[in-house]
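So that we are looking at the same thing, I have put the structure below in structure tokens.
Letters are used for the chains, namely A, B, C and D, taken in the order the chains are written, and counting of residues starts over at 1 for each.
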Amino acid sequence: MALIAMAAGFILILIGFYGALTNRNILRMIVAFTVADTGVNIVMVTVGYLRDRTAPILDNAVPAADAAARIIDPVPQALVLTAIVIGMGVTALMLAFAYRFYEKKRTLDITKCTELKW
Amino acid sequence: MVDILIYIAAAVTGIAFLFALYRFLKGPTAADRVVAFDTMTLVTVVFIVIIALAEGRGIYLDVAVIYALLSFLGVIAVARYLERGL
Amino acid sequence: MSALFIALTILLTVAMIGAALVAVLGKSMPIAILSAGLVSLLASVLFLLLAAPDVAMTEAAIGSGLTTFLFFFILGRVRGGEHD
Amino acid sequence: MIRKFAALLLLAGIAAIFMGLLFTYEPDPELNTTARYYAERTAADIGAANIVTAIVVTYRGLDTLGEVTVLFLSAAIVGLVLASGRRKKTAKERTVTPAGELLATGSTLLAPLIMLLGVYVFVNGHLTPGGGFQGGAIIASGMLLLLLTDPLKHFSHTLIATVESLSGILYVAIGLLGIFLAGGFLDNRILPIGTLGTLFSAGAIPLIYSLIGLKVGAEFSSILAHLSETEEL
């Protein structure tokens, strides 16, 4: 199961990169970027998964005494938790820049951005 | 007995999910896809409850509550966009 | 229950890849944004299958609601220049 | 065409690396040393039932402080980027289709409940899945519902900024208190640990996570408010 999920994460990263590299519309590039972002998060969570174990939350189903034998690795989860929130902040920032770009150029086509061309 | 019930529920929900997915991928108009998206959010909540039952962790149900309460926001956003209210 | 989980993982994986392809290759912009929302929606169930309820909850709260809304907000602002 | 070809070539290279990673991946049969330490010592040392919360708030609390700072910076830059283009008042007033009766009535009923759910999620962060980040996102979703009903609504920037900076200052102050009363910066044992699984347990974790939740909610709300005040182009 972990291998299938990891393969799905890698395929999502590839699809997202393909979209970000081939599209000219800046909004579509941002959409492709969020898809790749989700793929990265899936791969990172998959690395912490162990077979036949359960979530790292102690309650009646998982008493504290035998927690080490029952739970999966909690560190990648803590990492991904913050990665998702930061990803949302980065997406908002990119969208703000896209808005400003449209305000200046009246287009969403990234190839019209030629100030640095010489 | 309970296991068989969970399997039957998962099979029925999976079929519903496949139908909604077909409509989402094929759907000729935007409205078709939006309705398919809405159906898939509901089916997804059922998936979460099935996972919670199968794993025996009642604590997963919190995620289903959050999901049921928040997933309609995306549908409302696209509906407001389509009626030019955003 | 393991067979059930594997079947569910395959179903979610196929649906996610299909939605991601629509998001990247599709013609219409609102549908692309909606598909990206669907990818993050299904990813959250996958996180739950991988025994990460915290991450699943974060993805559910942020991915399907807030991000989709931000995209549609900007798309509504630049509606006039929508020719692609 | 050449652009698409180059992109495909690059992707083939990345795909080869990914294939190598995927086929040589062997899941660990046991937890590694760090994870076993966290699994065995969390209940006794921190007293939080949710080990992910214990890692985010206490063991790696400094990283969380940095992460909240990054989020603050991104919210501030969104405000800066959008504000520098703000026009004078000559722009025509935006007109939007008013929301239907269902949405208008439903949102007044539902928005306070969604915010209450957000508060529940971050107060119970040490017992159930969830915590400050999720709770903050849920609070921002409540604001979003109000914004969907009436896109011209103006939120008070003063209120958002006050909540945000107050919770940030209190977060750092509690962290500094840990240096004097307990083991170090952001140590949660400045309050009694209590029994595992009750609401008032895990020392200062509910307090710290509530502050993080308020701060994250205020930051997301400020992003939403800044975006909603842009003009139609």
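The criterion applied here is as follows: contacts are C-beta pairs under 8 Å (C-beta built on N, C-alpha and C of every residue); 3 or more make two chains touch, one makes a residue touch a chain.
Bear in mind that the values here come from a model prediction, so they are computed numbers and not experimental data.
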| item | value |
| --- | --- |
| Shortest chain-hopping distance from chain A out to chain B | 1 |
| Which of B-C and A-D has more C-beta contact pairs | A-D |
| Where chain A and chain D are represented by their mean Cα positions, the distance between them in whole Å | 15 |
| Averaged-CA centre spacing for the pair chain C and chain B, given as whole angstrom | 12 |
| Separation of chain B from chain D, taking each centre as the mean of its C-alpha atoms, in whole Å | 24 |
| Distance from the mean Cα position of chain D to that of chain C, given in whole angstrom | 19 |
| Set of chain C residues in contact with two or more other chains | 5, 33, 49, 51, 53-54, 56-58, 61-62, 65-66, 69-70, 73-79, 81 |
| Contacts with 2+ other chains: residues of chain D | 50, 52, 121, 128-130, 133-134, 137-138, 141, 144, 148, 220, 223, 227, 230, 233 |
| Contacts with two or more other chains, residues of chain A listed in rising order | 2, 7, 18, 49, 54-55, 57, 59, 72, 77, 81, 84-85, 88, 92, 95, 99, 102, 106 |
| Contacting residues of chain C [partner chain D, same complex] | 53-54, 56-58, 61-62, 65-66, 69-70, 73-74, 76-81 |
| Interfacial residue positions of chain D with respect to chain A in the complex | 3-4, 7-8, 10-11, 14-15, 18, 21-22, 25, 27-32, 34-36, 38-40, 42-44, 49-52, 55-56, 60, 63-64, 67, 70-71, 74-75, 77-78, 81-82, 85, 128-129, 133, 137, 196-197, 216, 219-220, 223, 226-227, 230, 233 |
| Partner chain C, residues of chain B touching it in the complex | 3, 6-7, 10, 14, 17-18, 21, 24-25, 30, 33-34, 37, 40-41, 44, 47-48, 51, 54-55, 59-60, 62-63, 66-67, 70-71, 73-74, 77-78, 80-82, 84, 86 |
| Chain C - residues contacting chain A, complex | 2, 5-6, 9-10, 12-13, 16-17, 20-21, 23-25, 29, 32-33, 36, 39-40, 43, 46-47, 49-55, 58-59, 62-63, 66-67, 70-71, 73-75, 77-78, 81-82, 84 |
| Residue ranges of chain B in contact with chain A within the complex | 55-60 |
